[in-house]
Structure formats: C-alpha cells, structure tokens
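The next block holds one structure in the form of structure tokens; read it before the comments.
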Amino acid sequence: MSIGICIFGAGRIGKLHAANILATSRARVVSVVDVNLDAATALAAASGARAGTNVEEALAFDDVDAVVICAPTNLHVHLILASARMGKGILCEKPIDLDMMRVDACLSEMERYAVPFAVGFNRRFDPTIARMKRSIDEGEIGNVEILIITSRDPAPPPVEYVSTSGGYFRDSTIHDLDLARWMLGEEPISVSAFGSNLVDPEIGEEGDFDTAITSLRTATGRLCQINNSRRATYGFDQRVEVFGSAGMMQTMNQPETGLLRFGTGATAAQDPLKNFFLERYEESFRKELDDFLDAVEAGHAPAVTGEDGRQALKLADAAELSARTGKTIAL
Amino acid sequence: MSIGICIFGAGRIGKLHAANILATSRARVVSVVDVNLDAATALAAASGARAGTNVEEALAFDDVDAVVICAPTNLHVHLILASARMGKGILCEKPIDLDMMRVDACLSEMERYAVPFAVGFNRRFDPTIARMKRSIDEGEIGNVEILIITSRDPAPPPVEYVSTSGGYFRDSTIHDLDLARWMLGEEPISVSAFGSNLVDPEIGEEGDFDTAITSLRTATGRLCQINNSRRATYGFDQRVEVFGSAGMMQTMNQPETGLLRFGTGATAAQDPLKNFFLERYEESFRKELDDFLDAVEAGHAPAVTGEDGRQALKLADAAELSARTGKTIAL
Amino acid sequence: MSIGICIFGAGRIGKLHAANILATSRARVVSVVDVNLDAATALAAASGARAGTNVEEALAFDDVDAVVICAPTNLHVHLILASARMGKGILCEKPIDLDMMRVDACLSEMERYAVPFAVGFNRRFDPTIARMKRSIDEGEIGNVEILIITSRDPAPPPVEYVSTSGGYFRDSTIHDLDLARWMLGEEPISVSAFGSNLVDPEIGEEGDFDTAITSLRTATGRLCQINNSRRATYGFDQRVEVFGSAGMMQTMNQPETGLLRFGTGATAAQDPLKNFFLERYEESFRKELDDFLDAVEAGHAPAVTGEDGRQALKLADAAELSARTGKTIAL
Amino acid sequence: MSIGICIFGAGRIGKLHAANILATSRARVVSVVDVNLDAATALAAASGARAGTNVEEALAFDDVDAVVICAPTNLHVHLILASARMGKGILCEKPIDLDMMRVDACLSEMERYAVPFAVGFNRRFDPTIARMKRSIDEGEIGNVEILIITSRDPAPPPVEYVSTSGGYFRDSTIHDLDLARWMLGEEPISVSAFGSNLVDPEIGEEGDFDTAITSLRTATGRLCQINNSRRATYGFDQRVEVFGSAGMMQTMNQPETGLLRFGTGATAAQDPLKNFFLERYEESFRKELDDFLDAVEAGHAPAVTGEDGRQALKLADAAELSARTGKTIAL
C-alpha cells in the first residue's frame, strides 16, 4: 500500500515534493493545504488529491499517513506539533523555527510522540556528498582534520525575503553548518564569524549580511571553514573539501552539460554551473523523500532528525552573534 | 489527451521505454506485446496495459496511437510495416535491419505511409552532445574539419549475442557513424577501417572483431576518426571531439559521482565512469521519447528518420567491407 | 656588466639562489659566506667565487654589488644592516626577524640607506599567482570579496626546526598572509585564528600547532580564509581562490607530470603533486631573482619590500595571539 | 671534462640547443658553422666559440667531440657523414633526409662508424610522454590495443616553407609516427591516410595537405589513429592517448599558466595552450641533449637512433602514398 501524504504549502518547494511523490510508486499525494485555496487546488488537481485551507481538517483524514511541511517558517512548529498529535510522519523543510526557544519547546513536546520526524537538510542526500561521507566513514582519508565548505548563491533574494529570513547565517549558512557537523563527526565548541555587506546595499539597510565566513573548532581540534556569498556570477557554487590524516576529497561543481570549449583566449571552458538549488540538488530532494518514506514504512528515525535541526540553528545563532560582536563564541 | 503506446518487446529496453512513458503525463502504455507472454504480462501490469503475443491484434486497438519497437532486430521490418499500415507512429530501436536490401525495401514501402517514423539513435539526444551540435550549427567553431569519436564498451557481450549482431561495425560502430554524419554535416564519400580481435578470442572464432578504427572523408575534405573497443576496464568511454576552423569542443565522460580523491600516489582521481549505456544515456532515452511524442502530436518528422537509419547502415557496411578487404571504400 | 653577488648562507636555499644566478648572464656569484667554511668553499668553487666566514670582510670587496641572505633567521637583521651600510642591494629570505621590535628597529635604520631591499616572499612571483593578481588588477572579477588560501606541506619538519621557527603562524602562515595582503589590495583590520595539534604530538609538546585556520577582514569588509596543515599525504597543496563581484579565479595544483590514468576503480587520476616548495616554486625563485636584479640595476624598489615583510609578521603575530587566547584581534 | 660541441646551423633551433648547452656544465659550444657568417658569429660570441662557414675546417678541431645538426634538411646527410668520418658524436634534427634512398645510403655508410648517432625526435623526452611510455612498459594498462595521437599546430607555416618541407606527412606527421612506433611497441604493417586542404588555399596550390588523418595497424592487430591540422586557434594541441587491456592513459595539454577562470557564461576556463613546440617541448630539448651527452660520454647508442629516423620516414612515405592514391598501403 502506498503512503498517503498531505502537503502543507503549495509553493515552489511544495510542487517539487509533489512531483517527486508522483514519480514514485511508494507514495501518493492525498491532500494539499495552503492559505491560498487556488494554489492548493491547482496542485491537488494534478494528483487527484483533496485541497483545503484548514490544517486540522486535513489531518483528520485516515488516508494521511505523513505530511510534508513546505509552509512559511513561522508556521512550522504549529504544523509539526499538530501533525505529531495526529500520529503522522513528518518531513519539515528547514528550519524548524528561527527562534531557539520555540525550537526547544517544539522538540520537548515532540518527545511524547513516536512519529518519524525528518528535517529537510537535503544536501546530505546529494549522491556526491553522500559518497564523500561514506568514504570518510570507511576511513579513506584517515581522521578528519580540516573541512572547507563553499556555498555561494547565484543571485541575492528579494530584500523582502531577507527581512523575514532570520538573517544570512540562519537562512543560508545553516545548510553548511549541518553539513559541517555531519562531516566533522563531532560537535563544534568554538565559532568565529565575519559578515559583510558587499552584494546589495538594500540587504545592508535591512541590517543583514550578504557575504560571510565562519570558522568552527571541535573539542579534539578538528577545524572547519565556511564561506558564503549571496551572488556568484558564474552560478550556484557548492563545494565541500575534506582533508584528513591520510588524504583529501573534494566534490566538484556541476556545469549544465559536459561540454568543453577551446577557443582563442581560453581553453577547457565549461558551461555555466547549474543555476540554483532546484537544479543542483534535484536528485537530493528525491533521495531525501526516499529516506523519509523508508522511515515512515519502518517506523524508525530518518537520517536528519529534529535534534540535527536544533544543533544547526544553535551554530547559526553563534555565528550570527560572533559576526555581530566581533568575538569568538564558545559553545 | 495522452498518447496511447504499444510496446513491442518486453526486455530491458522495452522496460526502459515503459518507465519513461510512465514518468510523462503526455503518453501512457496501453499494450505490451512479446512472444514471451509472461514477460509481456509483467510489464503490462505495472502500467495497467493489455498484454499479448499477437502483433496484428495489438495494432487493431484504436487507443494505440503509436508503437515503440524493442523486439529483436530481425522482427523490426515486419513490425515497422505492420504498424505503419495501421497508421501508428513508430519509434524503432536501431537498426532498422542488418540487411541493406531489406532496409531499402522497408523504406520504399514506408514512403506510402504518412506516419511519423523515428529510429532510435538515442545519443543525439544526450544533453551534452545536443549542445555540441547546436554550438556547431551556431558557428562557434567555424567550419568542421576533424571529428574524433571514442566509443568503448565496459565489457564484451556474450558470444551468442555477437553471432547474431551483424558484426561489430553494424552492431556498435553504427551509433558513431550516425553521430559522425550528424556532426560532420555532410555525407562521407570514403571509408577506411581496420578491425582486430584483441579482447575475447571467442569473438574472433565467430569471425567478428572486438576492436576497430574507422576513418571517413567527405566530399569537401572533412575528416572523421572513430575508435571502438568491446572492453574498457574503467567503464563506458563515450567521447566526441570536434575540431573546426575557429576552435574545438569536447564532451566529457561522466563519472558515477562528482567526487575527487587525493591520496598517496594519485591525485584528482574520479569515481569510475557510469557503467554502460542505460546509465550514461538515461537522459537521452527520455529526450528521444519527448521528440517522438512531439512528432506524433504534430504529425511531423522526428529528429532521426528512417533515412538516417539507412545511411548509418550503409557506412557500417562500408567499414565492414574495408576491414575485411584491406581496401578503402568509395561511396 | 653583470651584477656581483655575495651569498650569505651556503645551505639549501643558498645553493638554489647560486644555481639561478649561474643560469642568468645578468649576475655572477663573487662571494659565499658561511660559518661553515667547507660549505662556503664547496658552493663558491662551482662559481669561481671567494669563500669566507667573515661578513664584514666579504662586504668590503668592490665587486659585491648585492647580497642574497639565506642565513638562519636570527642573523638576518645583522646581515641586512651590515650590507646596507656598505651600499649593497639586499635580497633577504623571509622573515626579516621573528621579533617585531627587532624588525621595527631594522626598518627604522634602513630608512637611512638608499639600497634596494627585497624580502623573499617568492610565491608572488609564481607565474600562475602573478597572472591571478594581474587579472584582479585589470578588473576581471570586479571587486575582490572573498579570498581562500590553501597551503599544506607534504610532511612536518623535524621537531628541532619547529622549536626555533617562531611558531606555525610566523614560520608558515606568514607566506599566506603576505599573499592575502597582496590579493585583497587592503590591509586586514581583524584577525581570528584557530590552531590544533593533529599531525605530530612532538610538535604539540613544543607548544606549537601543526594545523591551523585563519580569518581576516579588511575595513571595507573583504574577507579571507587561510587553511594550513603540516602534512598532506598527497603532496604540497598550494591553492589560491579569489572570488569577486564579477567572477572567480583559482590556481590549480601542479602534479609531477601531465599524465592522466584510467583504471579499474578510478579515472582521471593524476600523478602526485610536486613534492615541496623547491619543485613547486622553482620558477618563482628565478623570477624573484630577476625582479631583484631589475631593482639593483635601476636602483628602484623591488616588488616585495621590507614594509611588506613587517606587515606580514604583524598579521602572523595577531593570528598567533588569536589562536592562543581564543579572541578575535583588532589591528 | 666537458664535451666540446660544434653547432651546424645558427637559426632558431641552433640557438635553442646553444642555450641548453650553456645551461649545463657537462658540455660547451666550441664552434658554430653557418653559411651566414654573421649568424654564426653572433651565436658563437655568446659562448666564446669559434664561428665559421666551412664544415670540414670546423670538424678538424680536436676540441670538437660532438656535433648538433640544425642546418636545412638537404644538408643533413652530408653533415652526418662528414662528422662521422671525423669520429664526432652526432645529434641531428629530424628528418635525416626527405628521400628514402638517400637515407638508406647514409645509414649504410654509417654502419662503418662507431660514433653515437641520435635523431632529434624530441617528443619522446617530454616528461609526461616519457612517463606514459614507462607506465606502458611496466604493464600498467596491460597490452596496448589502441593509440590516439592528436597533433595540431597553432598556425600554418609560410607557404615557402611548405614547398620545401617534403609534404605534410614527412614534415609534421613524422613526429607522431615516431611516437606511434615507440608507444605501440611493434612496427605497423598497414597504413591508411586521408589528407585535405582546409586551412590555407596556398598550401593546396603547392600540392600539399594541411589537415590529415592516418591509421596504422601492426601485425598483432594493435591500432593507431593520428590526426593533424596546421591550424588550431586555441594553441599547440599535443595529446597522446593509449588504451590497453587493463586501462587507459592520456597526456594533458599544457596551458600557459594554471589559472582557472569562472565568469558569466563559462566556468573553469584555462589560459590558452602554450603556443608552439619551443614552449611546449622546452624541457624535451633539454632532456634530449642530456641523453645525447650520456651517449657521447659512454659511447653507447642514444635513445633515438638513425634506424628510428628511417622507420618514421618509411611510415610517412606510406601515409603520403595512401592519401594520394586512396589506397591502404601494406608494409
């Protein structure tokens, strides 16, 4: 029997998850909920699902086995808890919330419910990144000593987005902080960050950064450097490099095609990089769904848990504080 | 309304096409025909399609708008003509037939029917190769002067396959000969080939080659070199290089992931290449189907026509003759 | 007339400079001075030069137009000033000294002498790094926003070396700090560093680090990350990446040869990286000498000045302090 | 004692060899001979050597241990024999002669003389190509099965050069044919070539080709493809790929620097390739000289012999004949 899924949020990410659910025979969309009923109806129609605006009504149906939460961040905690109370498995887009106290309260209540609860740090599911992690775990490069993460967006978001994003570290660097915890295999205990406003003056006027570097150190001395920019003219720049006592590994960027051009003045020029996360992490979203469906079917924990979501936010908070105060933060 | 498709042949390629049809909302599998009824039934079940062993019965249904021919090569001509007589659009895996007289007869009769008829040279639809062709057509490297095609399989097929394959040039090099015609933009008029038996002595005992090089020359002097092997220990090696008066382009091979490894004794080592054509040309088969569905919907000719199939076979015949006789063949 | 040069220090670097002088027709070695007379004599013999142990005697000769200082660091200031007083041009290996007060005093006295005074940060002269700087200056990537420097040695030095090296930041990171100042085009005003002892416990027992990351921020918000290790099993890892408002540039590592290997289990594997700085920066030392000879001939300042040496040490001191105290240092 | 060398020919290649001799302590230029006395004098001056126009006079000096022949091709045989008669070691630029009968006669007489006789196929000495050969010999890729050689010049020579060059195959492809024999480890027994005139119509008016492809087959079935053009807009394109039963190896082209550029519309763009053979094979010429000096010192045969020169010409003659007649040539 396929898993019945209710999607909260009929926007871009909701549509992506719906398409991935459609392409698998393991699950089906049975319900779409959005405050915008037209959007919900349009997305539901393609799947033969119910559309609605009321969360509790949607969760009352027995054919809803699990939910995928793609609503705005400020609704996440409410949707997580409402779904958990009804015994539904939960895949929630990151972050759980932008406020650590609300996250703590959410996770505290979640301890009462035995439902699978996954947080959508999709990059862990990218085949190249997952292969890197597996190679680390197999000891291929010995002990991890230095981790370098490069994450640069192709273009800055609209300033309206920035103003509700929780700030650059909580909105964007948080992805890299989750990867860092995973790859380092240890929790960071020191965080130092510098932030700048170099890309868009309007972002600066909102009091946010658009360019940042973050350093982490674990208790055993493992080191990590993250660099971020809101604007890379050559496309979505996503690289991880891990250096260890017995070797080093890097993930390569992905150009749009595998064509190399040799002309006057330049050789071996590749196509531009895949534009943004929907193109670059297309496969990751599919594998993240697979992992979630595995968890729902088996009733076990998914690969990325609520606690992972909390730890990443804690690091993002520390990076933000460091960049604001000019001090190194001890955790 | 989605296009109803009958699949002839429930083997590996039939399954691949069925999966691609399932993933698109433009078409649906309505019928699967195979001499092995169990195989037909198994594949049909997944699509809610009819299963059968009789070609004419299957073609009599009105909900069959088009057929995809994945049956053994010796059945192709019969299936093409039977489908055309019933007014069905046709996507036939290469080759049309291994015998040029039968191909000529087939194409001659096909002139009477106004159905879309596509031959499955899927490599033209690979995004990187298609981008290369588009760049050539846009004049990016000026006039095409030299074309180099490398096509090496990961491992030789069973010798039973070889004995009915029509020989290495008609079975395998024919893909490269189709690409050559397309990329050169002109018909070759001279063909010279050398064949060797270096990989598997049993292939030699069947009288076939497993290693070959082929040279082509067009009327205006454009040159092409193709090299083939039945066994590349590092995976499926598929590269095209086109050199022109204003530059050069190459397609890169595709490793399984984008991980680079730096260890003692070697650096920048990539994962093995994608193993074989189902992995390497996964996207090509999807785009080939799209092109065919476009042709069926619009009633126009597909990108790769019966005449393309005929010309590629003509070149393969010439290469075979050259390798057998040690002579350059004029066309 | 060729430039007469006295080399102070007949060790590995002295020999390197001597060979480079021999290969140019612009200069000749006329004198070699070392406390080890045998070493001085051996090196002098190959050039037909005088050998000696006394600095002042060596500087008294009129055919000495310039000196190259390759003696131990604690002798640098004395040799610089002695040479300057005699009106000789000076190329001094980095650092000027490990103690900032001695450096200040040295540079203060040097203001009295009009001799060319170059400090040996040879990496600036590497053709690839120099091309990067020129491209930045020509505006190719717009404003510099993020700089990433990777510098990892193939193997740790003997612990005896470590104990007199001034510590990891002053001994090794100082090269990267010089590059950072040059590439950023602005002076850093904030420094944050983490150091670890992961490679060799004996280095830790000496109170030094062998793995470190350093962050810099300039007044306008330009950011820099440096990562260092004393041991990279795959060879000398030397990369610079500069990210700007209009693009990005990277310098590639240099394998021993340009051979790519494709075997079972790995593809595109390159040869190991050139082992260490003598191999990797072979060309840089030659071009550094050229620049120095230009300065001596023209009487103008060389590309890397005493002030550059001082600023790099200041940053190294700050990085050391940050790593020791866990605080971000403001300059 | 250093080896005294007489250089015949004070042109571009003569100067290159003179500079390489100057840079080694093993040899010295003692004499320069050229019909243009001014050219000979200018080159001789830099080395403190004698200058002259008379071959026999030059060879009469006892301090001439060996000769390097860089004179026009039609003088090679005379200079080789004259030098051999005087007991001098000989390094002769390729080819020995453009006429096979004269080459046969030369080599026949040379059997009488016990002097080291090297032919200047410098590419064998390129560190990357030499490493490839060594890896083949060590069995790294098993049996050699397919060899692909790409050799394309940056720009066509003046048409006056073409008219005395012996034709494209004897002038240029001959380098690749020498490499092919060396890498294949067997003598080709079949040759097929196509030539075209696509680059410069004036070259066609001289009756020569400027674009060509050549196929070789050995007795055991090893195959080789060579492709040549007189004009590659992206620089001097020099690649060797060898495919075997246990793997594959490729030599990479060499860009001017190791800088990668990522901008709008293209990523990972490298600098243009090194322009031509003086830049690309700079190191090869040095190592070729080393090998020759080894042979002179030890009195043994150099790495590339007169017989190698003869075999390469034989293959070039066959390729020319094949391209002219449209027939495959058996050897």
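We call the chains A, B, C and D, going by the order they appear; numbering starts again at 1 in every chain.
We adopt the following convention: contacts are C-beta pairs under 8 Å (C-beta built on N, C-alpha and C of every residue); 3 or more make two chains touch, one makes a residue touch a chain.
Since we're looking at a predicted model, the values are computed, not measured.
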| item | value |
| --- | --- |
| Chain at maximum distance from subunit C, centres defined as averaged CA atoms | B |
| Between B-D and B-C, the pair joined by more C-beta contacts | B-D |
| Rounded Å distance between subunit B and subunit D, as computed from the means of their C-alpha atoms | 42 |
| Whole-Å gap between the CA centroids of subunit B and subunit C | 58 |
| Residues within subunit A bordering two or more other chains | 232-234, 237, 246-248, 253, 261-264, 271 |
| Touching residues (chain side subunit B, partner subunit A) in the complex | 23, 127-128, 131-132, 135, 140-141, 246-254, 256-264, 271 |
| Footprint of subunit A on subunit C - complex, ascending | 143, 145-146, 148, 150, 152, 190, 192, 194, 196-199, 211-213, 215, 217, 221-225, 227, 229, 231-234, 237, 243, 245-248, 326-328, 330 |
| Contact footprint of subunit D on subunit A as seen in their complex | 232-235, 237, 253, 255, 261-273 |
